[in-house]
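In the two complexes below, chain A is the common chain; its partner is chain B in one and chain C in the other.
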Partner chain A sequence: MVKTDLYEYPPELREEFEATEAIQFRDGSSATAADVWHFMTEIAPKRYPFAYTQKKYAGVRLSRDIHLPSAIKNHYLLLTMNDRITRSRENGAPVIFVQGGQSVDPYYAAGGIALRPASVGLWARGRHEGLGLNEEVVRQHKQKEKAYHAISFEACQTAGYENIQEGGLPIDMVAPFTCLRCSDISYGVEAHRHGPNKAVKLMNIDYPMRHQADKTWAVEYFAQNLRRLTSEIGKLAGREVTDADLSKEIRLHNEGRRLAIETAELWWSADLPPTNGVDRRSLYQMGGMEVHGDPSASLTVLRESHAYIKERVNKGIKAEGVVDKPIRLFVCGSCVFPNDFRIEEAGAIIVGQDNHWSDISTLVEEDGDPYQNLAHAILSYPYEQSVEVRAAWTIEQLKKSRADGVLFLYQWGCNTQSAIARMLCDTIKRDTGIPTMIIEQHEGGSEQSEQLLNRVNAFIEML
Partner chain B sequence: MPIKTLEVIRKRLEERPAELRKLRESGQKVVGWTGYNVPEEIIYALGFIPIRIAIGGDDRLVEVGGRYASSKNCVFIREIVGVFSENEDPYIQQTDILAFDATCLQNFRAAEVIEYYFKKDVIVLGVPRNFYWEEGKEYFGKEADEFARLLEERAGVALDLAKLGESVALYNDIRKTLKSIYTFQAAKDNVISWVEVFDLIQAGDLLDKKEYLSLLHETLAELRALQHNPIIEVDGSEGRIFISGSLIPRGDRKLISIITSVGGRIVGDDIWTGILPHLDLEIKEISPAGVALGYLNRTPHAALPYLDLESDRRLKKLHELLGEFKAQGVIYHTLRYCDPFTFKAKETKDVLAKSDIPVLEIHTEYAGSDYEALRTRLEAFVEMIKIKAESAAEVIV
Partner chain C sequence: MSLKRNFFAGVDVGSLAAKSVILEDGKVFATGLVPSGFDSVESGLNALNLALETAGLKKEDLTYIVGTGYGRVSAPYANKAVTEITCHAKGANFLHPTVRTIIDMGGQDCKAIRIDQDGAVVDFAMNDKCAAGTGRFLEVMAGVFKVKLEDLGALSLSATELVPMSSTCTVFAESETISLVARGEKPANILNGIHHAIANRISGLFARVGITSDVFFSGGVAKNTGMKTAIEEALKVTIVKPEIDPQLIGALGAAVLARNFSKKQGLWS
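== the complex of A and B ==
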């Protein structure tokens, strides 16, 4: 990529943007909209030029819905990941590797920072400055190769091995939920035991299976796992974790979850899509309050965005670049989604996903024993239930989001999502008649394979 | 000299499906189980006929199973699903109830797929990943109680602890006898081969347990008559091979036949269709939880992650067995998409390299397309360990 050929935010937008709200961080500090603007227009283009690529279909490129302040703020939070996490860690907050699609209340209650694989990747990415898009893609591939070499070429999820063991990323603990969602995560955690970084603590938060939320002993066992988790993080953070800490954190995270549910319902109710697919996904995910490694920051941006979405929906404002009556796609499966830019170009839009939404839309009871309540809520994630229960919940989301079709995607090497794909799709078709398609993604990178996109496009045409 | 009882066992296996059919006609029920921590004694004590569903080696069935599960599941699981889809296996046809466990997530998914598409009555036993925590053991004990309760519902009777005690005694005797027989195959001037013992172990998955025990006793008596004092020692340039890694179920003979055809002598294994599940199983309390904990406390299956390399009991056991059977090289066998073993392949090789034990990793599936390539690699490996053994012997001389 020619580094001078970078996207630039229109300067005339500055005034409007600088009048928007500041981002409040968990440590009490804040970034005003002017700070964000300065970083995004002056600093980040030099440090992270890949994000400013003009390549139309590059997954990392910035959202062009520039009148939606949260879009710019979301990118700001993603591009400042290295600065912020490094600083917080230096100030004593241990950083813990977790899994995607799980809630993070207990990690923060204990004084830690929970980062899922994508966020760990963002942190690692932030340590390499000045890279253009192609250089960044090459760097990522090289890192992944290291993990394949140290673990297995059939691995999909390597629990951050390449960054933590071979990339020098100072993660303090690897402690994800070992839920059925991911076939690889617990083996990825185990693989760290043979890596050179002996300082990293390892723990699997053991997620029981099969009608787990209805079994008192399974809930009790998971609650014990959570207690051990907060105690271990507390030791790293140098503090004792009380039940009150967890209760407080649950209330805070419930606020994010509720706000995400309200935002989603607003978005789905609109005749014209109020945002593009990329921004919709970011908004919903902010309700999980984990993507940026700072729950308060995610929450302030989500709060502000909610008001914007409401206004757009009330006034019938459509997001730029989206057609009037797009085909509405719902995506199921793990860790992969089709390229929104291509989908939208083909006249469709992604209206929702089961991945992440399953945990974000699960509220936690606030009265009573916080460990038991949290354990019960977590074991109730629809994504982790029997196929009939997961399908019933998915169908409810399809109805709410008025989806026209379902795409089930999974990564090559994902054994447990691939195994449920056909059952889930068959149940959805049986009960709703909504067309479904199953696609396997073979490669990552900034752009998806033509083959995958051709299949998605054919599906859109069929719809 | 052939062991006569082995012939009897082969014949009884041929007769067994028809026998099962008759028993079912008379009201008995067959529980087909698969997994790595299913406490079979509970099934038996409730009056069910347990048979293990461990079938492999048929690429066509893998392809059929993949249509219901996915092409990204391990070939073993795909074949199991394929077998249920076709319903032509004489044992599978006789199953009334299925019992799966959640040791391996893929096994769990197979239970769901079979339940969903083939409308089978499936019971699933949860297994803790933090199996070494007290909390994990307690959880597993409760899962075992639930497992027993679900079986009781289907049996229409309550579990009688006296019967469970008898069942445990019977299984303990089977395990003890198998262990004694296993020693003979590794001995100098052996009168029984590892392959024969391997078949013998797998016969126990299908035969009536009491009859099986008496056949084992007869086999052992014959062996003792033929070889008074089996001594395990290295004999010149045999190429003593140990098989580790993913399971090798009935029907899958590709790897074994190549090893023997290139002159390797298999003398031991730690695979989950071999001797390993029968070792170190100590039941301290006669109750569903007590039996289940005996299973969980054995050498852990690779699907249960253990986070400290130094104290890993799986690797310790591997070393112990390598020493006991005087193996000279390890074939680490991983099935396609079997993550529990594939993720640990390199690590296992590194650990064994520190002990100067040669390892060959074989990553394969049930298709025959890699047969020649495997043959070439195995031939070279067997040759290499023979040369290594010979030169070691020369040094001793």
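== the complex of A and C ==
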């Protein structure tokens, strides 16, 4: 089918964009800004027309903040996921399925590539070319239904089952931290154990529950699990993993985490929002170093973006399409978030999310035993603590981000977040007076339903 | 010197009905209510045209129009779109400034809204995935008993006892009702049970937002006297009597907002 009416980057932007920095990849290769421009203007519109949709509320559409190089580079990295991951795997890097909201330092230290459920979906998406927006959404739904058939229609998410077991993605290992944040991981891990694709190795990185970060036994136990993990990935990658490898990786990832924290603090301090909500989320998430399947690439873009955000904040430059004094919303919960485009149209903006921010904002000690340091950091993730501790941390983020309201969203069937939502929101409301709203979501599509929109818009009007 | 008259309209396109209210000088000047059709733009226009016709006005006579309800996103005739939660708050406050809590039961959802003295929303909660307590649910029940929707309330109030219902799920309640009828239970008693089951169910929404007097009941379901009585019993409150059709409150609030917005924009003084 011939795709028409696709978005086009303004040609006059080319010179300005091509003067920006190259993206450096983990394998030593790079993509110059000219390479990125060529791909995004000549190749991607043909291979991935859905991203060039003109539908203003489509969640996957390209950012229109075209003077922010990271906006274009982030899309470039997302749209080249299949090309890059496939090539890296062919060159011997095993691909490991992990959980969202966990750090990925040990996976990369051992020579692997760690992908959470959403990233596995992006890799799979890249294998289907020429699809328009609706065709792409239908493809995703069909795949998802296969997973629900295999797991349970009551599962909230499907832990990548549709792509790993049913879709033929060559994932080498399923090895998530088994923290309680998502109930779909327990469904998913069990489903993978019984799935038809026997080539997928299964390994649980056992996470001690109930606020154990200060218990020596728990740190040592989890550190042993991490050693087991790097050793197993090392076997797949055909290399021995040393403590120095992990120390080096921790330093690299800490740089990403620090940059994301500094970027967030800059963003939050600004009188006028320096980016729209989608670009803000991408920038913060790059600090987790997982989102592009290549920490070096994410870091390059994040370093460059940090300078841009600093300049915008210092000069009082506001992102295009955002109102001057938007209502500031902080989003809690896993997996789902409201449509940024609709929220901004209603005069608000999302300033932060607790989910991935929990691990991104947790720095790892760099001196001493890297496994123990990493274990201690991972066991300290605020998101994984008791509701009281998580609420105290969330309140801190609300103050930093100057949030006016809290939206707690969770996927229908999420047994964890649904149980936490009420208590967390009540605590926030009691201790800060900030209004909160809980929404259970169960929908696919690209633009968000009227039901959800109605609730969010009414909440914004109330604020 | 002749002073220009200012008219403001609110158009509320819901899932079952489209409503419009025209205000002049802080008074309801005309109203329109039509069933919602497939085309929400057309439904909204039909409701608006009906009110205009009743008032003897043309669309050009309107200073400002606010669209609300689920059809607000497809309301090219409106100057601005606002959610019906905000509009019900403004509408109830316009009629009764002492109202602090609103129960809005419409065609496809049910809301608990707490407001302040100015009619601003302080907190609200809505049914999420369940159709219990909605007009659509009651439509299904009216279908089971083969009675008109507007007769459900009176029939329920003629009950001699309450038949307990174990489910408020629209689908399961329908099958449960059919089996209760087959067992010889009287329709009025079953309906009494249904109304109380729904009232108890939606009282959960008020556990979240709280109840402060005065309490107002809006939306199409508010015309159901059986439901009103059941809610008063479940929430232990007395619902204030509306001066106009409670189904029009969202449109009324939209018209109030139309007046406020247009004044702020300097379109009149």
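To be clear about the criterion, the second predicted complex is superposed on the first by the 461 of 463 C-alpha atoms of A that agree within 3 Å, B and C clash if a C-alpha of one lies under 4 Å from a C-alpha of the other, contacts with A are read in each partner's own complex, and residues count from 1 in each chain.
Just so we're on the same page, a residue touches a chain if its C-beta (ideal position, glycine included) is under 8 Å from a C-beta of that chain, and two chains touch if they have at least 3 such contacts.
This is a predicted model, so every value here is computed, not measured.
Have a look and say if chain B or chain C is in touch with more residues of chain A.
After superposition, B is the partner touching more of chain A.
Return first, second, both or neither, reflecting whether A:Leu202 touches chain B, chain C, both chains, or no partner chain.
So A:Leu202 only meets chain B here.
Once the structures are superposed on A, label A:Trp412 by its partner contacts, choosing first (chain B), second (chain C), both or neither.
The answer is both, since A:Trp412 touches chain B and chain C.
May I ask you to decide whether A:Asn163 touches chain B, chain C, both, or neither, giving the answer as first, second, both or neither?
In the superposed model, A:Asn163 contacts neither chain B nor chain C.
Touching A:Tyr221, do we find chain B (first), chain C (second), both, or neither?
first
On the A-aligned overlay, A:Met462 touches which partner chain: chain B = first, chain C = second, or both, or neither?
So A:Met462 only meets chain C here.
For A:Asn454, is the partner it touches chain B (first), chain C (second), both, or none of the two (neither)?
second
A:Glu440 in the overlay: touching chain B, chain C, both, or neither? Say first, second, both or neither.
both
Counting only touches as set out at the top, which of chain B and chain C does A:Gln140 meet: first, second, both, neither?
A:Gln140 sits against neither chain B nor chain C.
Share the list of chain A residues that count as touching for chain B in one structure and for chain C in the other.
412, 440
Name, in rising order, each residue of chain B that touches chain A in their complex.
On the chain B side, the touching residues are 67-74, 77, 102, 105-106, 108-110, 112-113, 116-117, 124, 126, 128-130, 133, 135-136, 138-139, 142-143, 146, 305-309, 312, 336-337, 339-340, 342-347, 350.
Show which residues of chain A lie in contact with chain B when the two form their complex.
For this pair, the touching residues of chain A are 149-152, 154-155, 178, 180, 183-184, 186-194, 202-204, 206-210, 212, 215, 217-218, 220-221, 224-225, 228, 386-387, 410, 412-416, 418-423, 440.
Once bound in the complex, which stretches of chain A touch chain C?
412, 435, 439-440, 442, 450-451, 453-455, 457-458, 461-462
Which of the residues in chain C come into contact with chain A in the complex?
Counting only chain C, the residues touching chain A are 70, 73, 82-86, 109, 120-124, 126, 128-129.
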